[in-house]
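Order of writing sets the labels: A, B, C, D, E and F. Residues in every chain begin at 1.
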Amino acid sequence: MTWSDYLVFAAAVILTPLIGGLITGLDRKVTALIQGRYGPPVLQPFYDVVKLLSKEKMIVNDFQIFAAYIYLLSAILSVGFFAIKADLLMIIFIMSIGLVFYVIGALATRSPYSQVGAQRELMQMLAYEPLLIFVLIGMYYVAGSFNLHDIMSHGRLLLDLPLIFVVLSLVLDIKIKKSPFDFSTSEHAHQELVRGILTDYAGPYLALIEIADWYELVLLLAMLAIFWSQNLVIGALISLFVFFLDIIVDNISARMTLKWMLSFSWTIGIVFTVVNIGYLYFVSR
Amino acid sequence: MSDKSTIPFGPQHPVLPEPIHLKLVVEDEKVVEAYPAFGFVHRGLETLAQKKDFNQMVYVVERVCGICSCMHGQDYCEAIEELMGVQVPVRAEYLRTIWAELHRIHSHLLWLGLFADAFGFENLFMQTWKIREKIMDILEATSGNRVIISVNIVGGVRKDINSEQAKWILKELDDVEEQLKDINDVVMNNYTVKERTVGIGVLTKEEAYELGATGPMAKGSGVDLDLRTTGYAAYKYLDFEPIVEKDGDSYARNLVRMREIFQSIDLIRQALSKMPEGDINVPVKGNPPAGEVISRLEQSRGEVVYYIKSNGTKFLDRLRIRTPTFANIPALLKILPGSQLQDVPVLILTIDPCISCTER
Amino acid sequence: MTSDLVLISIIAPIVMSLTTITIGKAVARKAFVLATLLIVFLSSLAIFKTANLPTVVGTSFYGIIDKLIKVGDYVLLFYTLYVSFKVKEPKIAIFSILQILPLAFFELFMLKEQELNTFYIDNLSIIMNLVVSVVGPIIAVYAFGYMDHHEEEKKLAKSRQSRFFAIILLFIGAMNGIIFSNNLMWIYFFWEITSLSSFLLISHDKTEEAIKNASKALWINMLGGFSLLVGIIILYKYTGIITLDALLKTNSSYILLIPVFFMVLAAFTKAAQMPFQSWLLGAMVAPTPVSALLHSSTMVKAAIYLILRLAPTFRGTTLSGFIALYGAFTFIATSILALSQSNGKKILAYSTIANLGLMISSIGINTSSAITAAILLLIFHAVSKALLFLCVGTIEQSIGSRDIEDMKGLITKMPVTTIITFIGILSLMIAPFGMLLSKWMAIEAASRNLLVALLLILGSAITVMYYTRWIGNILSEGRNSKFFVEKQLSTIKFALYSLVTIAIVLSLAVTQLFNAIVKPEINMLKMSISVKAASGYLESNLGGFSIYPVFFAIGLAVILAFLTIKNSHDIVQTKPYEAGLNYDDSNNGYDVKNYYLPSIINEAVMTKYMNYISFILILAIFGGILL
Amino acid sequence: MIVNSREVEISNLKSEVKKYHDGGYRFVTETCLNLEDKFKIIYTFAIGYDLENIHIITDGKNVPSVSDIYSCALAVENEIKELFGVEFDGLAVDFGGDFMLGESSPISPQADIEIIRREKGGKNE
Amino acid sequence: MLDMLKSVFSNLSRKPVTRMYPYEERKPFDINRGHLENNIDECIFCGMCQRVCPSNCIKVDRKTSVWEYNPFECVLCGVCVEKCPKKCLKLDVHYRSCTDKKYNIHLEKHDDSEKAGA
Amino acid sequence: MGLKEFVKKSFSKSPWVVHYDCGSCNGCDIEVLACMTPIYDMERFGMVNVGNPKHADILIVTGTVNEKNKDVLKNVYDMMPDPKVVVAAGICACSGGIFRDCYNVLGGIDKVIPVDVYVPGCPAKPEAMIDGLYKAAQILKEKYSRKEVIVSAKSLG
């Protein structure tokens, strides 16, 4: 790593929560508008997080603190590595450290909701983690490397990997936990598990998780954006458009069942990946 | 693996604003058994009948449940009127019917919203409640209060609807109907909604009858029971058919409720057009004579039964309310085992529970 | 010098084991065993330090040992024949006879006497030897305390520990034999000894179930031995090769692939790959140190060792591709089966099979980074799995159950063991630790082979799931979160602490490890090195992984969490949210079990179908020879 | 509807209820009334839109439960048991005083006389 | 799945329906039962309201000419207003605003003052 | 705007609400829910019905306390991290309302937990509810500032 790498790393780590918070705020505003409401101010997520950070530290179990910190730090680390264009597979692996701890933190409390939520989150991870790596394999087939640097030099992945792009959008939809995929937690808590996996996190630790979610959201959006790395502005627009579509889907569908999600995501993931890569393999060369 | 988990459901739970406690025994996510515990709303208001006179009790029974409060008051008043042999004016009967049907619409819309929320369809919840506000406006404009409208008194009603208001109501109802058609389309055809409701919580006709289910719960299973056909209040003057669906699953119950909303809109239109001029109440003198009476009517959730025993004083001897949800609880406990955990809110809401009714 | 050291590492334990069996006194026995272990450990260090690699050395004792081994072969096979009658398992007899006859024919009529180089030593041998002589002694030390407690529980009138430790020592000697032997017939002999010691150790408790499972293990391993023998005979018949060095020098040809297939098949049985997995699951009835030593960290690794040895002979063939697919299939199939288990040892057993499958798959991919991945996996898996087995053993002896559901709230009951178990599981499934690093390498290496890559990815995701919930269970605090001070025996403490330290240090020092012993091996295999490692950064031509930042992040989180807990006095502890109702007595409380998906995964049914598929895959591997 | 209920001997109660059940009647409700030092329990059945009532007079002990004939009578019998202290024999599921009232609620609050003390802790969950 | 799109896009194209309370207040309906007021000057302390009140939230003391009313117990049914012989009771259309302390409305005829007390 | 000011502001801008129906007749419940819906849309003030006391700042209670749910109410209140505000919505929650003479009713929720805002009405209108919640948000901010003062005083002493 060179000095400029360190600078980029630091800049990404500092800027990402701001972007993530803004996007979350926009998400809430747009959702409200879609529902015919006025909606919260765009800065609302920041108010929420700042408030949560300065609330009383309430825990059930010391381990929760640890889990929340690791979740946040691994998210930060993965975003930082993304910014310096490191190995994407490594980034996913680092991200999954946080997720594992996130789940363990919830399992470590005795609240039935948080435990069932954690079980569901595990199922959810089972649904999207493989897909995420499938996406990388698709990129590898085009770029011949897992290094983001090499992948980005390819320019317009979207043209080669349209179906893989769909798979990644699906991952985004599962990851941001919107209908029809909000099983382990839900944005507005009106589900059978209250807030599921987040039920027993409170105050500052909930805030840490919220911030980590922003990091992951931005990371996923950035992964969508590199499908058009020739011009990253267009890439960003594409990824925001996908995000907007996810909001719309959230607003036109009910929460589905867990089994449905697992079979749906795996089918889509495997079929689309195989078809797309097969296409590359047989048609393009 | 025979490992079974136990999961609480309620009393403080966002899906179910009302406090009911279910202890669910689940295997993975499949519900094996459900043990209910009630009593978080139990106030014991039936005994208030011995402390408050029969006129004041109208306002108490209205607060048995805030959602179909008007119908509680109506049923109570009809019981007392039958006991005392009071004939209420026809216009009062019509007015009672209109308010009752408005309540049915608002109750069904409220239910639909909560139901949508239970399976995670937030937008549907918002849209339904947006439409529901129009009904609430009608109630507020005609009675002075949004939820507990306190219009029924022994001997008739307290508030009148003038022709200007009637016109406005009709206009609003057209608007509501228009918007509801879109919602109806979603409830009936949306893939995700169907996935979450079709075949979920099937209650056969025999089971529904045997377990004493009432209202949409029974109607969704093909039991043709709608007390409005017995022609209390103004229903004898109105033209309608009870709505029955056969499948007995959550989807069928949805359909019953959705169709009932349109039916209610139609009934209100009929009632407003047929409503004669005249008094809205008759003065009631004296106390109810000693005797027992049972009065029933069709609430939005089903059949409510009022049992009243009077001893000739102004205080009633015994007031007992058998509410529809109370009758639907056995059916709920029947359909819960075997379902998935994520369907539990759907199933609970599919009986349209009103716990404060159940526990009084 | 080297050859003497090697000889010591093989002969010393075997001789000592024969002595151990006669020692009745516990203290004397322990001292004696300890001394032997020390010899093994020191000799392996000495080999590591002094050996000039790779090397093929002879020894003056070749003739005697060869004769002994030839006699030993028959003794062993006739003993198994006897065992077969004793436990009434005809399959063992069938495979014994199936080996005795060809062996006799081969040795009498085909094999020409010749003086051969005794030992073949290269970095792979060193790695295996280090694993055996570091992990092995630690587990044996652990067994001191464990077996005392075990026999107390069983209320044995007469201690049978001398037999137990004798077999352990015999096994360690035999492992070293497999690792260093140059003569394939020697490998075959030691191979059979490990099978036999596995049988003896599984049936150690003499319960009906133990004997049943032990005989199952024996016959499946005998099947493997038979396959190995067939492979050797065919090899000798067509090429006249009987030594490893000669085998590795030949250019691969179709005629070589047939014996290689049989040898690989033998390895599959020993590694309990898919249609043969049942013996390893049954082997879990053995005392836990046995599971740790034989059935996860060393004996099953002999299979990996064998395939790794053979890897150059089938590089670039279709056979290789099918081996990769087969390994990947076993990986995902057993991972799925592990998902349906709540028995801790069974989960570990399935996960062991899965990881062996992963290694076999990597070897099948057969590129330099894949081989690197396989070797790294071998090392890290041996350490972490041994640690976990020992943890489960400790937990089982304390709470009387190996079911992960019963481990709820373990952290309050045995905090130290729980933390060690926690680190052990983490070292198997999350990123900065060596296992995941190797998995990363394996997946990147597999990415050209789409089907294998898909299977590996799905399998890894499942692995994370079943381990995560286990951690969650042990860390969940009970309703009355009162921490107990845990008492551990010093031997157990030593074993757990040293293994967990090794696991962490190895993961931290993965680059050094790679440069020191893995890289020379790859070099020796004459593969272009595509993996570079320096200062915590591993880089291949596909990507790179830096470890230190991740360790740094985790360390930072730990420090932050500790500071928060220590410094803030305003932390409030509440009850868990239970929808407003909080029952104080635990009987009435809510309890959530893990999801085992019985509706989707039915172990028996699933196993049946998976076995069919894997059988077809083995046929496909055989077919791969022809392609 | 003015109630004219038919009195039934306690011993005949189950056979009467069984008759209603076999006749295709739907169980509507049970109502318990205070009758000086006794209780009157009115059973209401319906066929179609018509109601029929029978009642028993009891001192509140050993009333045969009809929950084995009409399983839906279970809820209401549990309620009567708690609110009036009437004891039922053969309740299909006995909530043991945890159905309506809490631990510290008054005991059999709706009864004029108090027959049994609600037993605490004997939950049947 | 796409049935909801119609409402989504119509909502997006329209202004939100939200009533911007408290910045814009809607005019209440004129029969709203907001809160109870007593024109104490006209009150004759007959006690009718006390007798008919289902919630027993009104206390009238004829001797001391005190009319006491607990707004935190009143169900706003309006019966007292209907029964009031002097029509001095009135239901205002505006709801009573929230407070951080409960209080009784204590009206006396002598000094025409309103006192707040717990 | 300094950081401290921003923190303080965030308390009034982001009060998360948990609603507990403590034996209400549903009248107030549906009005509380109505506040969340498009017409009233409390999310304008950052209020979200989080449904989980551990995340909430404001506990809005409707209905009377009875013998069975008083423990639940206390539990829910105890699980909320400080600073927290309690709103009693509707007369039942304020005083027990029309049911205060019933045998199973204890009275208003102030019998069990401290109440910061009383919203009268039967049922309380959504506008009144919004007023109450808005006031609660201000109280929340105040409580936070007060706590901050106490903490800094501690650190000085």
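Brief remarks follow.
As a working rule, contacts are C-beta pairs under 8 Å (C-beta built on N, C-alpha and C of every residue); 3 or more make two chains touch, one makes a residue touch a chain.
Going by UniProt, the chains are A = Formate hydrogenlyase subunit 4; B = Ni,Fe-hydrogenase III large subunit; C = Ech hydrogenase subunit A; D = NADH:ubiquinone oxidoreductase subunit C; F = NADH dehydrogenase (Quinone).
Everything numeric in this text was worked out from a predicted model, so none of it was measured.
Fewest steps needed to get from chain A to chain D, stepping only to touching chains, is 2. Taken together, chain A and chain F (NADH dehydrogenase (Quinone)) share the touching chains B, C, E.
Seen from the Cα centre of chain D, the chain whose own Cα centre is farthest off is C.
When the C-beta contacts at D-F and at B-F are tallied, the pair with the greater total is B-F.
Averaging the CA coordinates per chain and comparing them to the mean over all protein CA atoms picks out A as nearest. Work out the mean CA point of chain A and of chain B, and you get 43 Å between them. In this assembly, the C-alpha centroid of chain C (Ech hydrogenase subunit A) lies 67 Å from the C-alpha centroid of chain D. Per-chain CA centroids place chain B at a distance of 25 Å from chain D. The centroid of the Cα atoms in chain C (Ech hydrogenase subunit A) and the matching centroid in chain F (NADH dehydrogenase (Quinone)) are 59 Å apart. Counting partner chains per residue, chain C (Ech hydrogenase subunit A) has residues 572, 574-575, 577-581, 590-592, 594-595 touching two or more of them. Residue positions 32, 34-39, 56-58, 112-113, 116, 188-190, 194, 199-200, 202, 251-253 of chain A each touch two or more of the other chains. Counting partner chains per residue, chain F (NADH dehydrogenase (Quinone)) shows two or more touched chains at residues 20, 37-39, 41, 44, 49-54, 66, 68-69, 71-72, 75-76, 79, 81-82, 97-98, 101, 103-104, 122, 125. Contacting chain pairs in the structure are A-B, A-C, A-E, A-F, B-C, B-D, B-E, B-F, C-F, D-F, E-F. Residues 101-106, 109-110 of chain D are the ones touching chain F (NADH dehydrogenase (Quinone)) in the complex. Those residues of chain D that touch chain B in the shared complex are 1-3, 5, 26-29, 31, 33-34, 42, 44, 49, 51, 53, 70-72, 74-76, 83, 95, 98-102, 105, 109-110, 125.
Contact residues on chain E toward chain F (NADH dehydrogenase (Quinone)) in their complex (touch as defined above): 16-22, 25, 35, 54-56, 70-76, 95-102.
Chain E makes touch with chain A in their complex at residues 1-5, 7-8, 11-12, 14, 16-18, 20. Remark: chain B residues 11-15, 17-19, 39-45, 47-48, 51, 59-60, 63-67, 69, 110, 113-114, 125-127, 129-130, 132-133, 136, 146-148, 354, 356 touch chain F (NADH dehydrogenase (Quinone)) in the complex.
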